[in-house]
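Order as written gives the chain letters A, B, C, D and E; numbering starts at 1 within each chain.
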């Protein structure tokens, strides 16, 4: 298929050319998604763990809601953040709209449920094993959270990577709250959409391949770190 | 915030009105995403399990690739499928482009890595526990797959729900391969994008809420089934 | 009663305005042919047609359409209708374009005031028209006041509304657009703002598999009296958005 | 062989009609019992009799379905060695320093204390080994070392020597005696009649979730009150 | 107390310089051994001596880091009861029918056979209980029932009675004798010297990953070849 060949060609040219515009777009993509994952993990991991530990009336509903929010459409998340940050909105005065900051906020909204829901499930399973021992040690639920997150870390790594994948891949949210402004809020996915709408399909695919290559690099680094740590544990 | 109130109002009206167009769009959304999840699970679960079981040179690279593909942008998946199914493409003669079938194919591409990567991780952990016993029973790796998938089913439920969320939320792929044709390939997310581009933000948000409500219902049903089964197991 | 369907590649501005929703039923009624509209960016619409994935094309980029036919992808092109571009901006009108005499002055004033302006920046028909006007006004656009969004018309309007920026848009999208916030129509009516839509038939030689018979009926219907009347009858809030201007028997490469 | 030591001020643990019912099945019949003083109580009975359930009730890991389990007075500091030890996915040493951290031991003294405990249970060479790959007996000893480190006032031991070699078993029994001598109340299960004879001040016998007898060790082994006890001591109490 | 029965045609299992090294640490020194005939071999030694490693090598769950472990002739049908039984997340009955399904038993006969095995190990009332909530001893008995069902030609038992009450232990010992009488070769570990004396045809003693002695039971217990064996039998072989 000539298009796919062209796409690989385009990707190669893009990488070899190391066009400064492309580098800027790539860097922004990475910054936004990594920031979103960092915030998402910082909130989502303890949140998911807490939900695994506490029993309370309505817990089932919360779990269902969280699972369902894994299906929050990026466009909807983007719209909600747009309305919040828009000049007429409640947080309008901060002038965050159409800035990378706004894109991070929208992506956090998207990946928080993914990280929290998958964390809940994994921590719940580990806690089934640890519960009696930790309770015997007199650990309050709150203090069990770091222990469980730490001991589940190899599994949670994949969860965080799923969140990162979601953030780096989505376009609906960043498009609306970022506005795809050239040089300011244009990221890889919005650039791909733009090229697609221009009919530049090989270039669009090529950009996609470049993005995937970058994401793969990051995944590879995470894998190496994980495997090294795991090997030390036998 | 008036927009959010309007959005809830719009959602309510949409639901109460039970407009036949809306019902059609909702039904198509559901059909496409459920079909994609079914196919994705049918392939992804055994694939992930196999990857958990077999050791071979280059396995690490495959795992990294799979994890990275969780970050496959919907637009890129859409483009790739578009080029394959386009008249000028290798599968052009089947006339699948701009049909729900094409949308299913693109979504399968998106969620397969998610299901397979998360399954791999969970099955790997269960297998660490079961390995010696299953090997002692003389089970080949192939025959261990159904056993492990069955015994990991409660955790895998959340994985499948993550895949379903991804499918029902994305817009990039279905937009390109479906074309958002009214009455034929318009689904909830593409309708939301359309309304957004018309500046109908409350309606767009309202549609988003309706979609989320539907997704929540399905998650609730899955939760009830899961909890009932789990309770029977102690 | 349906005898089949055709796929029509078109742009979001026509789709967003609701035009197709108004005229296609009349066509289907008359011929039993269903029309499935794939509304995308101008470039993407050409690309879809070029690849043989659409049976017909309706866009507003006369130059591009001509090239499409000249390159052999299209067999026939015809004017169908026109509307016009308008310039909208914040009610406060910081660059004072409402008082401008012609469109050149509008762009000159915005450039001089360095007032925020959002451009589609997506190489669409609208975007190209806008760029020609900047050039004509002798303004060199530059960030940060000039924002290239790389978005569709609707998305660009949403962004402009939130940024209180000027924006160059086709009238149809603007009239149908609901999230105006502080935006208002500030300038219209210059001849240079003319926006021509054309229907293009795809070459049967290039793509013999397409439904050329049905597509021909669509093309002819658009140019026919019935089609032209349907276009003229389409109103939003009582206002006419598209003005039919087919010239019977004028076709082929211009 | 009742072991006489000054009875320290450990509050009494009371079971009052405490039962365990799970999905309609009564696993532990209503139990009324009192564990007073700083004694070494051995809980015995066939598999599935409810020994581990009783231990978990006593340690507060399980709430009775009916009735009550409570301490008369302030609940004492407790630790438990489980029948199937749960070790964290960390090294042997880290498992111990973790327990110390939880119990509030200052950072500086954790490692020395943990190493001491490892040495006491013959695990010194294994300190860096992941706890989960230790042999069955090593894991059990690590769990004992962890409980030992916590210096509890009440120590629950659920078949703590089941996986141990004869010498280790003797060492652990010595450790139990030692614990007790330092004022720790012992509640322990075992299937080993000789071990029970060596260690028990008093014995609780359970059978099919029911309390058969609770009496002083001497009495229990020489003049049992119940024919079931007799059968148990003779090894005749079969499924 | 060597047990004399017609030696059935079970091929011999050979260890030839087989060792286990893990991340630079030698867990099992190169081992050369041969297990012939239909005997009951007891593997003994202190915690961490390498008994479980040896069992896993023999059963083929672990490949030696160096040297070889192989059957002279066609590998026989084998089953193993692990020191820490691994039960599937299913009911007790389903754990057994699963094993039968795996071994190719026709669907119709699975349940009756499984019920028979449950009855034999005193687990009948528990057939619908999830295997993971069974008591320690019940789990061990379920694992034994599973192995029993598979009617193996060689049976590996890793401390199979550690969690059992005295009566159950006797019943399991009887089952082992029974197995053997039906022609099954037994390779078993235990910490219980008396049990070893009751069951062993021959004994392997390991210590710190090294083979100390492999001799007939009679010889082993009465005139041990090594001073380490002496110390072990006297219960003096301490960490």
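Simple rule for what comes next: a residue touches a chain if its C-beta (ideal position, glycine included) is under 8 Å from a C-beta of that chain, and two chains touch if they have at least 3 such contacts.
Owing to the predicted nature of the structure, the values given are computational and were not obtained by experimental measurement.
Chemist: Please find the path from chain B to chain E through touching chains that uses the fewest steps, and give that number.
Modeler: So the least number of steps between the two chains is 1.
Chemist: Quick check: which two chains are joined by the most contacting C-beta pairs?
Modeler: A-B
Chemist: Taking each chain's centre as its mean C-alpha position, how far apart are chain A and chain E in Å?
Modeler: That gives a centre separation of 50 Å.
Chemist: Taking the mean of the C-alpha atoms as each chain's centre, how many Å separate chain A from chain B?
Modeler: 17
Chemist: Based only on mean CA positions, could you tell me how far chain A sits from chain C in angstrom?
Modeler: Their C-alpha centroids are separated by 36 Å.
Chemist: At which residue positions does chain A touch at least two other chains?
Modeler: Residues 82, 176, 193, 196, 201.
Chemist: Of all the residues in chain E, which ones touch at least 2 other chains?
Modeler: none
Chemist: For chain C, write out the residues touching at least two other chains, lowest number first.
Modeler: 40, 152, 155, 158
Chemist: Name, in rising order, each residue of chain A that touches chain D in their complex.
Modeler: Chain A reaches chain D through residues 129-130, 132-133, 135-139, 143, 147, 151, 233-234.
Chemist: Using the touch rule from the top, collect the residues of chain C that touch chain A in their complex.
Modeler: By the definition above, chain C touches chain A via 40-48, 121-124, 143, 147-152, 155, 158-159, 162-164, 181.
Chemist: Which residues of chain B touch chain A once you look at their complex with the stated criterion?
Modeler: 1, 3-4, 60, 63-65, 67-76, 79-80, 82-84, 89-90, 113-114, 117-118, 120-122, 125, 155, 158-159, 161-162, 164-172, 176, 188-189, 192-193, 196, 201, 204-205, 208-209, 211-212, 215-216, 218-220, 222-223, 227
Chemist: Provide the residue numbers of chain C that touch chain B in the complex, in ascending order.
Modeler: 7, 12, 15-16, 21, 36-40, 51-53, 152-155, 157-158, 161, 176-180, 207, 209
Chemist: Within the complex, which stretch of chain E touches chain B?
Modeler: Answer in residue numbers: 56, 59-61, 78-80, 82, 86, 88-90, 98-99, 102-103, 129-130, 132-133, 150.
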